[in-house]
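Look at the two complexes coming up: chain A is in both, with chain B in one and chain C in the other.
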Partner chain A sequence: MSYRIIVWVLALILLVPIAIFLVYAFAQGWFFPALWPERWDSALFLRQLADPQLRRAFGQSLIIATGVSMLALMFGYPAARVLELQTFRGRGLIYGLFFLPTVVPSVATGIGLNIVFLRLGLAGTLLGVMLVHLIPVLPYVVLTLGSSFARYDRNYEHQAAVLGASPWFVFWRVSVPMLLPSLVVAGVLAFLISWSQYVLSLLIGGGKIITLPMLLFSAASGGNQSLIASLSLIFITPLLLLLGLVARYLGSPATGATPRP
Partner chain B sequence: MSYLQLDQLTKSYAKQTILQNINLKLKQGEFLALLGPSGSGKSTILKILAGIEAPDAGEIRLAKRLLNPVAAHQREIVLLFQQPYLFPFLSVAENIGFGLKARKVAKKLIDQKVAELLDLVELSGMQQRKPQQLSGGQQQRVALARALAVQPKVLLLDEPLSSLDPEIRVSLQGVIARLHRELQMTTIIVTHDLSEALALAERTALLINGSLVADLPSIELFERPPNRAAAQFVGVGAIIAGQLQGTTFNSQLGQFNGNFAPNTVSLAIRPEHIQINNPASQPSIAAQILERRYLGERWEYRLQAAEQVITVREAGQTPREIGQTVDLHFPPQQLFALAD
Partner chain C sequence: MAKLRRWLGLAPASIIIIGLFGGSLGYGIAQSLGWLPFLGQRQLSLAAYRNVLAGEQLGSQWWQALLFSLWVSLAATLGSALICLGLLSSIAERQQQYRGLSTISNLHLAIPHSVWAMALLLVLSQSGIFARLGFALGWLDQPSDFPVLVRDRWGSGIILAYITKEVPFLLLLGLASLHQQGRDYLLVAQSLGANRWQRVRLVLWPLLAPSLIGGSLLVFSFIFGAYEVPALVGVRYPEMLATMALELFLNPDLQARAEGMAVSLLMSLIILAVIGLAWRWRRAEHQP
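Take a look at the complex of A and B:
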């Protein structure tokens, strides 16, 4: 019973900011000591939605976050698989190295990589921003997939192979469905982390790539609360939709265990 | 003419030898049991045959073709594991059709084949079930149908029945025996259970500590194990050490006359062939009963004779008393020589 109370309190803490955004975004003429705003108005919010700069930033954020999710799964899957399913010298060390980016400040990483990316012609490109986002994203993807591989029974793949399935067929028809919940969770995590990146996007994007967090940041320094609130709503809506879509996979156990009869 | 041939197969993990120079030959359509205690390397042989593991040395040939470089999915050898490993995200029908789909067989043909196979394993009408909705025995039957769907050249069974209840195990043994009779598929079953080998396979290879110690018709292995290791595994009444002089074998338990091979140093006899207190039989040796247990139909006694413990099984009567001294008689025609 007490756990349930804690869950509700947590839910409240998480939901209150969203409620505040809603109020600030749509309330007009709400001055002290009025208990309630004078009127509700969606004009500002709609004007924001129609803003070409915002639309462009939204689109670029979407392309980057989607691309980062894909790339992170592409690189994270083999990494997690090898780290969990094979034993070799230095395995622990390599696992540790994957987590190094989480302790190094992204300003340091970003400034350091800026020069490299400039030389490679990746600075100021969508691909460059995607690649640099992989640095904070990959540790979480490898960790999420790794915990599933730790409980993964490779005999399902062996069984498929002896039945005549090629390695490609085994990957798409056995490994991916078996690991689907954790692939979805890892992909969503990658999307969330990439979507909220500010410093790395700024440093590598070099002003040519504008993402939503940048608009949010400049609005925040401007101090117009209605503007901040409506931008924030636009910022979180795709994330809420995404979480809603994959809710059934969140917290579901990794497969690989033999289902109970 | 051998169909499946294993030549000098050797395998070790981290300096521990698992298999040592394994040689086996199977005729097409033959049913072989690979018997042995757990950890003897039986399953490793199947994994090597199926292509899941590679041998350190040795060759595998199927219909003369060298299989070593062939990938698992191209070998046409299906391995059935101890667990059914049904894909939990597929229905029963999709599971059975899996191998056919991998071979790009037309959907209509797959459906037809699945229905036939479900009929064969007596699970008709279960197409749309999920594996999780089946009992352990039903899951294993679906796994069997899935293996048969691709019409493998060789079927490998790795103790597929050992995790099932005794009743279901016996009924599935029946299913496997019937399928082998009907389909005549070359089959190897791995088991640690002698009775399973006897019930299913015409021939049994006994594997102990990574070496083959016997490869005989199953009944012969049971009745006349060829050496000490085999005799200990299948269980004999006594192993009698001694020396052969002419046609007389001298031992602590007495002299035995028979047509034994030259240089025989040990004889053995099955526990049910040793007679207790048979006044008509000579010679005999005095023995004291140490323990007894009822096996159903028979009593089993452990007796001390000279410095040896002997096991005797006697058809069900009123049991003999523990501590009692009796005369044991070893009918010469039931004694057989061991190779070591």
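Take a look at the complex of A and C:
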């Protein structure tokens, strides 16, 4: 197959599901075996958008995912910096530590933390869910930022310091602008992982925190196809918007986004 | 001073990972051994493990779930790795840059597995898009004529969802190693008279093998322990280990909770063993 065909097929595989969600979400009286819906109606989709439960879930998902990506950048930046710019004993061990949570399933970590968080009073709180989301998120942020620190030239920082810039000034005016693409991509990656998380939110949210994936799961067991399609659309729209914003960074190796299965 | 700053930089992230991740493992192990101090239960026992591995009803459920998980993970991993290898070997010689392919693969990674599974359900269910198309073409008379592809006992829905989702992931890893100088080596081999098969086997495969094998192991361990897709497009029987673990854990019976933890820990242990073996194998490979 030629390169262009492969790219087009992959693009199609990505677009077809979105088109199908659109059809199912806006079709009215579309029974088997009709190939095309009798009529189109946005009432159900609009009702979904206005549904207080959905709005609450959307809001909570948004708060959690935004908070998680902020926290992950805050904690991940210094760690990635030390890991990549310095050589010291135990560096491999610490990389191993950050690698482990990427392979241990979240069912296992969630089950283990369920009672601990209940005892600590963190279960059913936004903070508790954010903290537990950091387990799968933080490693990817550290690895992503780390791979861009690997090609980072510290001499620019020294230069600024020699010219009298304070450490804070160097951080905001030299380091952050130089690493911006990687920081943005790492933040988006963090948002994405947190936004899609179901098991950990379920086990730590304890029924009090309802996020979008939980609504999707309950719709899936209900079997109402147009509801499933509406929720899926609402679920992925913010992700597509965010990705549209960073798409030009994603393909470049300098950004170093660590892919995730 | 430099040392202090180094540890200060590492501390926040490490504390979170050690505290939360280590804590969850430690607590999970303790509870799977029946240590539930807030319920006054401090006696350690292997009862949960015994029930899971050799219990009358739970035992057979465990072994079946283990087999089913292995089947699904192996089939999906091999399927996506082979497709990825085929795609890359068909383009590696002519293509100089892969920007478009890596952008589109990255976009694929952004779609959550749960949403992907739902799309598959709408396309492949017995009243889904394909069934409608089949009816329009006169291939079937009623929905039940369409093969059960999602929520079937062979897990084909799960496998299909994973293959379509993991090919772009493996492509990205493969592209990263092709990127550097893959095409040059291939052209040299060609000008030295290597035929197509020789180029794939002697040049492309050694170039891609480390990242594809490593990536496939990540894919395997991810699928082996993931909950979402089997919960959405799988059936209750046969089930995968992750769904079995969570169901046991959410059971109000406390003994079942311990058993759920035992299942999830055994599942994690298998994953860690696979990763550990791969690690040792790679190190052995690299030593002259």
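Basically, the second predicted complex is superposed on the first by the 246 of 261 C-alpha atoms of A that agree within 3 Å, B and C clash if a C-alpha of one lies under 4 Å from a C-alpha of the other, contacts with A are read in each partner's own complex, and residues count from 1 in each chain.
What we mean here is this: a contact is a pair of C-beta atoms (placed from the backbone, for glycine too) under 8 Å apart; a residue touches a chain by one contact, two chains touch by 3 or more.
Note that the structure is a prediction, hence the values are computed from the model and not measured.
Asks: Touch test for A:I63: chain B only (first), chain C only (second), both, or neither?
Replies: After superposing on A, A:I63 lies clear of both chain B and chain C.
Asks: Using the touch definition from the top, say if A:N155 reaches chain B (first), chain C (second), both or neither.
Replies: In the superposition, A:N155 contacts chain B only.
Asks: Tell me which partner A:I228 touches in the superposition: chain B (first), chain C (second), both or neither.
Replies: second
Asks: Which partner chains sit in contact with A:L131 here, chain B, chain C, both or neither? Use first/second/both/neither.
Replies: second
Asks: In the overlay, answer first, second, both or neither for which of chain B and chain C A:L44 touches.
Replies: Neither partner.
Asks: Comparing chain B against chain C, which has contacts with more of the residues in chain A?
Replies: C
Asks: Contact-wise, after the overlay, does A:P177 reach chain B, chain C, both or neither (first, second, both, neither)?
Replies: The answer is first: A:P177 touches chain B but not chain C.
Asks: Thinking of the overlay built on chain A, is A:S166 touched by chain B (first), by chain C (second), by both, or by neither?
Replies: first
Asks: What part of chain A is shared between its chain B contacts and its chain C contacts?
Replies: 259-261
Asks: For the complex, which residues does chain B have touching chain A?
Replies: 50-52, 71-79, 81, 83-85, 87-89, 98-99, 101-103, 131-132, 134-136, 138-139, 146-147, 150
Asks: Taking the complex as given, what residues does chain C use to touch chain A?
Replies: 2, 6, 8-10, 12-14, 16-18, 20-21, 23-28, 31, 38, 87, 90-91, 94-95, 99-116, 118-123, 127, 129, 131-133, 135-136, 143, 164-166, 168-169, 172-173, 176, 179, 215, 218-219, 221-228, 231-232, 242, 245-246, 249, 260-261, 264-265, 267-268, 271-272, 275
Asks: Sort out for me which residues of chain A touch chain C in the complex.
Replies: Listed in rising order, the residues of chain A that touch chain C are 1-3, 6-7, 10-11, 13-14, 16-17, 20-21, 24, 32-35, 74-76, 78-79, 81-83, 86, 88, 94, 97-98, 100-116, 119, 131-132, 134-135, 138-139, 142, 192, 195-196, 198-199, 213, 216-217, 220, 225, 228-229, 232, 235-236, 239-240, 243, 247, 250-253, 257, 259-261.
Asks: Spell out the residues on chain A that touch chain B in their complex, using ranges where they run on.
Replies: Touching chain B: residues 153, 155-156, 158-167, 169-170, 173-174, 177-178, 180, 255, 258-261 of chain A.
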